[in-house]
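Following this line, the structures themselves.
In the two assemblies presented below, subunit A is common to both, partnered first by subunit B and then by subunit C.
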Partner chain A sequence: MKATGSLPAGRSKFKIYRDKLLAPYIQVPVLGWLAGLLISTLLETFIGPYLAMVLGMSDVPALFGFTVVLKQPVLIPGVIIYLLIIYVLPIAIGARLTKSLANYIAGKLQQYPFWISAVIHIVLLYVVINTWAVMNDYRVLLAKLIMIAVIVTLSLNVINGYMGEFSCSHPGFIALGAYTASIITVLFFVNDSVLGAALLPPVLAPFLFPVALILGGLMASLFSLLVAVPAFNTRGDYLAIISLAFTFIIKSLLENLQIFGGARGFMNQPNLATLPVVFLWTVLAVWIINNFVRSTLGKALNAVRDNETAANAMTVDTKKTKMTAFMFAAFWAGIAGGLFAHVMRYVNPGSFGIKKLAEVLAMVYFGGLNSVIGSIVGAVGFNLLSEMLRPLEIFKWIIIPLLLILVMIFRPTGLIAFKDFDPKKLLRAKNKKEEDK
Partner chain B sequence: MPLLYVEHMTRFFGGLRAVHDYNFKIEPGEIHGLIGPNGAGKSTIFNLITGVYKPTEGSIHFRGKNIIKYPSHKIAALGLGRTFQNLRLWRHMSVLDHIKMAQFSQITYGLIGAFFDTKKRNQQEEENTEKAIKIMELVGIGKLTDQLVPNLPYGLQRRVEIARALAINPKLLLLDEPTAGMNSEELQDLVNVIRHIHDKLGVAILLIEHRMKFVMDLCERIQTLDFGEVIAEGSPEEIQNNPRVIDAYLGKEVKI
Partner chain C sequence: MQYFLQNLVNGLQWGSFYALVAIGYSMVYGILMLFNFAHGDIFMVGAYIGFFTATGLVALAAVGNIILPSWVIITLTMLIAMFLNAFVGMAVERIGYRPLRDAPRASAAITGLMIGIILETGNLALLGASRRAFPPLIKPVTYNISGVFITNQKILIIVVALSLTFMLHLFIRHTKWGMAMRAMAYDFVITPLMGVPLNTIIALTFAIGSALAAAAGVLFGIAYPVLGPYMGIIIGWKAFVAAILGGRGSILGSAAAGFLLGFIEIFVVMIFPSTMRDFIAYSIILLILTFLPNGFFGEPYSARLRL
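Moving on to the complex of A and B:
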């Protein structure tokens, strides 16, 4: 707590005032922030469109007004007022006012099994995302793509961050997952010109979709052995080279498989990846991956990375550990691919090339190595940034790499690297007593 | 039956004969020393026994099993703990995680437990934490649980390595120059720690060392190595008075 206790001399009045204003927020639990966010999104749903009209905008600014401002700088004051009224003030005031109530509820929830609290938080988070996104289709699409990016980034972080090897094969895994899941759903639920009439009634589709996704993930896992078996007999740059080759092989393989559309791509996927479905898969991925990297079996990856000889001498089966982690990461990349295919409802080999690789790597290194929170921040931050700067067109690709370079200079391991993510700690009540511990 | 039994072990590195016809035997609970000038092949012998390198010829039996074909981690899991001459700690991991990591082979919750945060996993992780803290207390680093290893002074880092080796439940502990780079105060502490763990856990210890006083104090039997061959073997007194050892290692008496 900064505000209490004796203040050092020579501090300006402004700073004291600022600290006084910000101090209560240290005690706001996650539940309180969610409440603030919920108020803000509800406010936007009800008065957003009118406010936007009054302020001279044609519609609710889709991405916090960035796109609007970059196209029509005249609207800058309007956008700022909009952001203040809809986002900043409601969140700030909402979090502040519900602080004691949220702390009370969070404290009560601690007495029950943890999963109850977790489910309540996740449902609230979903409600927030849903209310924010349903304002327009663009936001829904963006929210889905960001969540898929979170899965991809996390899974690549397992290899590049936790295991410390440099793998470039993720686009290949994503493609494998995307195509496998698409083929299954199209084969069973769509009257397709190549794969024939639907074999099952479409009512069953939502139930079999997870199976299709998991099969896609397993397919990626299986193919990951092609990279892992030769690469993990050695250390160093070999994995980077072999995995890069793998990405290109998969891409040209798909380009030449005429039955699945070849370079033209594969389409007609049923609309199964709705917002709640993608959200649930993302939560599942974050939960499982976080569990894994926090267990001793997962931490063995860090031991392998920091000193493999020592890991071996301390009974760690390093080869098996590396293989497992690689297949695990490939599995989640496959899942993400399946979701991606059903969000876009069209995939083509061109989207799984070197550009995708650069994007995924950028998200991992931007967010932070060896960190689940870092990956989430990286994926969300990078995607939002990339969308916000879209009106700059080609200049976007000057600004984003520049930002990446700055991150690399000032935080070489990424924004939030080497940070343990403990859900139990995160969701705790933040009363004074708790904080003293 | 001896705990570790090495017979006619030879290892070439290209044309260099690093270890030649090496024989060694240690019974449970003994402390042996391995001395010799730099480059004599002492660390190579450790690496051969622990499976980092494989011998060109010869056999190694540990706890009655021929471990020549075993991978390194399996030999360790059999109960052969070691430390390294140049510390090999994991720089991004806390002290507690180091000790828990060495219990890797004792984990039975499997991938299901790792992925889904099962009850069994939580129980086992908790038990392992308790065991780890006990070991840390035994070695005298009980309060360092959450410290990152690079932040610790050298002497404590050595102790972390010993604690880590103890966590695999060793029957035999190989210590590779445990006193390297220590001042005399840290040295005395270390002697006490090694005595303490030897008395308390009854592990056999084989140590490589350059400080004669340390070796003579601790060891029951000593082997002296030069150019990959054993040139003398016996009790500390015998070694001290052996002319070949004096010649190769301790230095000749100067006649004026």
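Moving on to the complex of A and C:
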């Protein structure tokens, strides 16, 4: 096949072969893919460690073998075999074999209210993530951080993608959410040297944790007015500069609050952000933000981005729309910050500076503007890439920026930009012809 | 009073760096309407080029047993660094901005940010994490003018910064190239149709901005002789704020705002503890921008939307 790659005849043969191989998979519904993933993760749980030992690896490769290969190139064939046996083949075969069953179930589920189907899919997704992650602590941490990154990226996409402004204030919002939520949980549930003994029994902690997170989000959204009020009086790039100043102000303020550790940071947060909690918040964030951008308000936001004067003429209250969206995005950034603080169980102002800003912006523009799916892809892809290239040490920070520059040059609005995310369409059975189109 | 004057001089010196770097931001912003986020790191590269040139010249003089007067070394260092850094700026434009000229402006901002990270990391990878000491080029002499202490370094920095700003202003106002740049800033679409070479003018803009950043880098090395790969971040982002504070595309405005930022920072430290510097300085900037949303010398925002 590879010898005839340049010949048109050979290529078409290859194309036919490829189409033949991939044809059954067009009809696989999301349920089928989830089943395949479940099989693969279960397989890894049961035979993964033995297989890894047989293939000469010390342990199950944590991140699809990338880190292992970069450290010991000798293991490349072993890792490829491992990936084939554990991931590629089970997913492919599992999805293929369960296709008709999955389509049948998905078709049946379509007759019930949509939320039943949604809940079933989400539970399955959680089971997949959980079985994959519990193999080692590193994966759990990574999964949590990736899910938090998804929330952050989505919320920034509301401003930079859907509203079309350039905001640099997200590190500030994340920091506000992180500190507010941490202070509340530490005040109530931890015997802290500064904030005193725990006021409530720790049994209540999981129930009050959402309240703390929401208060953190509200704090961020309150402070976002500080940026929004001056910035949205005039159109233009002043949001960029005001929001940048805001980030510096928040960072500097936190560094000067000696009561919360100042520049040394604030620690001892209770261990409340477990994998299911973070997962639930992420699902909630994706769901609410997706509904927000598909609502009338979201469409008004797009109108404001494309032409503010025309939107105004079409009865859109531009200032109110922008303010609402900005506060909404800040709220979710604050929630993500609270989760981040309780995952790391330590926050310091230094982690909410320019570096964080570059990272968040990179995730948004890598994934794609104006697109919920793009943001998810961007956050997951960027974080996985950044973890996989970790063995390269500082060269990682040459390769990732280069990759982003290439993405920007060839797809200036990101990988998957301007795509609507319709969960109903996504979860539908795929075996029928789309007669209802 | 003496204390005040002393800090005024310090503020002038500290503001010189901001002013020179801010001009680079402002010129690019004036013409292309985009934030050149790599500019802070171009400043860093300029400082390193200055460091290698100065070290090389000193070593060359020592080997050849020539006694070069210090002003010759400084002038040569400055000129070589400015000349070479102009090419760095043009390369950044060629790689990061020209392919994206029709793309949303924010995408170009991202490539700028990424080029900045590449420059920092590349420096770290090539030269290691150790900081470099800029060779002492002039022997510090302190003049006591009725209680205010002024070193000859400070005089050099302030004079060079002011004269470069003034020269650039003259260039923009009174030469044909400057006229082309002003026309380009006025209308990016029509001006090329009048026969103004678009790419040349934009490259020239980046070259001038980077040359000024290199000058700032050399001066910075003379005043604070410790260079590190991340030195561009602090100066660069603050100068970016100053550039916007001065007003869109206004050379003198952004220089003035750079000096103002220097004053603010020095005077904040004079009154409050130094950890409060960023907090108070940026709060003042936020207040200024709330009441003067177009900066000091900028026109009201009227550009077409490119995103």
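To be clear about the criterion, the second predicted complex is superposed on the first by the 419 of 437 C-alpha atoms of A that agree within 3 Å, B and C clash if a C-alpha of one lies under 4 Å from a C-alpha of the other, contacts with A are read in each partner's own complex, and residues count from 1 in each chain.
By our rule, a contact is a pair of C-beta atoms (placed from the backbone, for glycine too) under 8 Å apart; a residue touches a chain by one contact, two chains touch by 3 or more.
Note that this is a predicted model, so its numbers are computed, not measured.
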{"item": "Which superposed partner A:A23 touches (first subunit B, second subunit C, both, neither)", "value": "neither"}
{"item": "Partner chain(s) touched by A:N307 [first = subunit B, second = subunit C, both, neither]", "value": "both"}
{"item": "Touched subunit A residues, subunit B compared with subunit C", "value": "C"}
{"item": "First, second, both or neither for A:V54, with subunit B first and subunit C second", "value": "neither"}
{"item": "Contacts of A:I288 with subunit B and subunit C, given as first, second, both or neither", "value": "first"}
{"item": "Touched partner set for A:A358, first subunit B, second subunit C, both or neither", "value": "second"}
{"item": "Partner chain(s) touched by A:L402 [first = subunit B, second = subunit C, both, neither]", "value": "second"}
{"item": "Contact residues of subunit A, present in both the subunit B and the subunit C interface", "value": "305-307"}
{"item": "Touching residues (chain side subunit C, partner subunit A) in the complex", "value": "33, 35, 95-96, 99-100, 103-111, 113-115, 117-118, 120-122, 124-125, 233, 237, 240-241, 244-245, 275-279, 282-283, 285-286, 289-290, 293-294, 300-301, 303, 305, 307"}
{"item": "Residues of subunit A defined as touching subunit C within the complex", "value": "160, 164, 166, 226, 229-230, 233-238, 240-242, 244-246, 248-249, 251-253, 255-256, 263, 305-307, 354, 358, 361-362, 365, 369, 394-395, 397-398, 401-402, 404-405, 408-409, 412-413"}
{"item": "Complex contacts: residues of subunit B adjacent to subunit A", "value": "50-52, 71-73, 76-77, 81-82, 84, 88-93, 97, 100-105, 107, 109, 111, 113-117, 121, 125, 128, 164-165, 167-168"}
{"item": "Contact set on subunit A toward subunit B in their complex", "value": "287-288, 291-292, 295-300, 302-303, 305-307, 309-318, 324, 370, 418"}
